[in-house]
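First, the structure itself, so that you have it in front of you.
In order of appearance the chains are A, B and C, and numbering begins at 1 in each one.
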Amino acid sequence: MNEAMLEVRGLTVHHGQLRAVDDVSFEVHRGEVLTMVGANGAGKSTLLRTVAGLHRQTSGTISFAGVDITKVAPQRRVRLGISLVPEGRRLFSSLTLEENLKVGAHGNTKGAFTIERIYELFDWMPARRRQRAWQFSGGEQQAIAIGRALVANPQLLLLDELSLGLAPIVIERIYALIPDIVEHGVGILLVEQDVALGVGVANRVHCLLEGKTSLVGAPDELTPQQIEHAYFGSELSHGATTSEGPA
Amino acid sequence: MTLSSTDADGLLRVRRSTQAPIYTIVGSMVLVVLLTVAPWVVPAEWSTVLMNFFILVTMATMWNLLAGYAGMVSIGQQAFVGLGAYATLYFAIKGVNPFFTIPLAALACAVIAYPVTFLLFRLRGGYFAVATWVVASTASLLIGINAYLGGGTGHILPNLPSLAPTSMQHLDYLATWGVALIVVTATYFLLRSRLGLVLASIRDNEVSARSAGTKVTSARRLVFLIAAAGCGAAGAVLAISQSYIQTGNEFNLQWSAEMLFVSMIGGLGTIEGPILGCIIFFALQQSLSQQGAWYLIIFGTVAVVIAIWQPQGLWGAFRDRFHVELLPVGHWVGERRSKGKSKTEE
Amino acid sequence: MIWVNVVVQGVLIGGFYALFACGLSLMFGVMRVINLAHGDIAVVAAYVAVFVTPHAHIPEVWAFLVVAPLFGLVGYVIQRTLIQKSIDRDPFTTLLVTFGLSVIIENLLLEIYSSNGQNVNIGELIVKSWHPQTIIYISYVSLVVLAASVLVLALLQLFLSKSGTGRLIRAVADDHEAAQLSGTNYRHIFGIAAAIAFATVALAGIAYGMMTEFAPTSGGVNLLFAFETVVIGGIGSLWGTLVGGIALGIAQQLGAHINPEYQVLFGNFLFLIVLAVRPQGLFGKKTALA
């Protein structure tokens, strides 16, 4: 349970001339949740998308289960066991709920998460499985998106800004799923703007500021002031000291 | 995110071109003089080639304005070439000297284009393009039914001044050259004006432009009208030089093909591009004149290859490599010292 | 009674227009590509049926059995190479490239086969017709083509809605990046869509050659009709395309009935009216046009 499943070393990613991710390194282990926090534009989504294969990095390496996947195409990374739930859900809007799940499962990777299992996790789904995806609410769409990623039976689940645009009660329900998923040995790399939410489910926290690592640690090791400083890059409250300041 | 290049400390300077404008001005004036006296100096066949060259330059510059600057790909500009030609015919039949109808034809085309934009602008991209073709087809058909203008068989252009053939050709030449010169010069100044900046901002990012308050649709409409007028003027001089007007000729899709290929090869989004493309086109056409449609096949293939592998076109590649601009319309942002200029978007 | 014939003729040609147009609609729906060479591909198929397949001892009337799959293959290859490269640049480039291809194809055909009209030889079938009433005239060829069109459209609709690959095509059409994240090679799916488009338009081209004379420039006018069909019927709906084709056919026959010169014009008018009043087409979704 302690060998690193995902190893990222010295990752630098550019968006045109802007350096979105600057020399970032981290690991994700089986059955653990690593949360990336940072302000809007800190580079978190870019980092996730690069791990998923949608962006080319400028330099650095990404290894998954010991294999260098730096040059592997996104759809093949899915086969290897990496699934991304993208920002904004990105469901197939003209397809039904069930068809969305079927597309997610078409790679036929065996595992605990079958479509039936998803229907158990979300008991409101079976009754509405023939409804088109665009007809569901934001929270429901988020659930479907997670389901779609899970039926590929990934070993590493990448979650991008789950809480965006959702009501608090809905967010609570979504986040309540995470322990269930992790129980199956899936590792989760979670990106969140909302620090409390992200830190709440995390085994470890990694903070990004303007693309660079500003703070790393387990939630119980870090004080709120440290996180605040690492998040904003400046002293908003007095009397805080940090282990690492922004570069 | 960190910016890779910094500009925070230096004082910025905005220039309009890469080299002193004196070269461009003197060079242009020499060229203008040469081209104006050409018909008296060169053999008659060259005059004819030059006239066709000017007509294509006019059309290509307009097409490029639409596509390269305003982002609207049209394969229906032949509608306005045709309408311009037929406007000339119409006024000539009414007794006006055809040479004086040229500005009238341009105006008529702009007037007709205005209501058309309200239909066309409901579409974007490829659908806009094919819709322009439908418009051209409709215009062609509507005129073709009209017996007064010659129907399908055509009509001779009346009321041409009675001059000796050589003098007539000289006059034709000057009219065609005049139209090309006016159109290219006007386009140049247009693009250097505020409208040019507006167009560049729309082309680069329409959503941002709209949210900054730019009247995107009005700008597009204006450009469409200008392009219609320019093509109308080209149609007018085309009619005068051919002196027999026929829908098949004037509304031919081939005009769009030529405008398009020439602009693609020369380089979209530059004024020099279409001109360079026309030079290559005519060189190719002259050398392959015996081989039927092959010049078009070769030209088309080159255009396709360039579109995929060198989308800046030949002039664009030359400009980027050697940092030369003959007719600059962009802005260069640089530091006050000469080292390390960073170019912004045009 | 005459008006009934107008409608009948419109329906007969409408089926053909829909067959011609469904590939155009598919390529736009899936990869947002307007293939301006679409009409010319149909014409090439007709030329292949008349001039090439006889060398393989296949009678022209059965050529479609071989030509359609062949064109499907060609479509896949062209999509994965040329068109994909254009898409990777921007939509602009794709338009320019497909237009360029169209001009190249037309002029190549002109050079090779001259501008003479050609026909796909179907023997005696061409003259057989059915006269349910003296005014109403249904040629067997048109009827067969209509039946074939409806069959192909129905099969295509079935494929898209029921099969796994069809589902992937629809998913890629909705969001090809999300499809990638679900493990789909979207470029391969684009290729399949193009293959279907090329195969169906090849069928349409051969059908065209059976019904009437074709020449190197026939592609252009048929592209126009296919495009009008798609816009009138609405983007994104195969049955909408069928209705659009029939509507266009009827409008054209109406025009032709008043004056043969008005045929294409009336079709253009219908297109322009739909554009003015209901731009998304009869069955289309509002956002589909950008």
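FYI, a residue touches a chain if its C-beta (ideal position, glycine included) is under 8 Å from a C-beta of that chain, and two chains touch if they have at least 3 such contacts.
Fair warning: this is a prediction, and the values are worked out from it, not measured in the lab.
Contact analysis places B-C first among chain pairs (by count of C-beta pairs in contact).
Taking each chain's centre as the mean of its C-alpha atoms, the one that lies farthest from the centre of subunit C is A. As a whole-number value, the distance joining the C-alpha centres of subunit A and subunit C reads 44 Å. Taking each chain's centre as the mean of its C-alpha atoms, subunit A lies 51 Å from subunit B. If you average the CA atoms of subunit B and of subunit C, the two centres end up 33 Å from each other.
The part of subunit A that touches subunit C in the complex is made up of residues 52-54, 73-75, 78-79, 83-84, 86, 90-95, 99-100, 102-104, 106-107, 148-149, 152. Subunit B meets subunit C in the complex at residues 67, 71, 73, 75, 119, 122-127, 129-131, 133-134, 137-138, 141-142, 144-145, 253, 257, 260-261, 264, 292-294, 296-297, 300-301, 303-304, 307-308, 311.
Residues of subunit C that touch subunit A in their complex: 164, 167-168, 170-171, 173-175, 177-186. Note for the complex: subunit C touches subunit B at residues 28, 32-34, 36, 82, 85-86, 89, 91-97, 99-101, 103-104, 107-108, 110-111, 220, 223-224, 227-228, 231, 259, 261-262, 264-265, 268-269, 271-272, 275-276, 279, 289-290.
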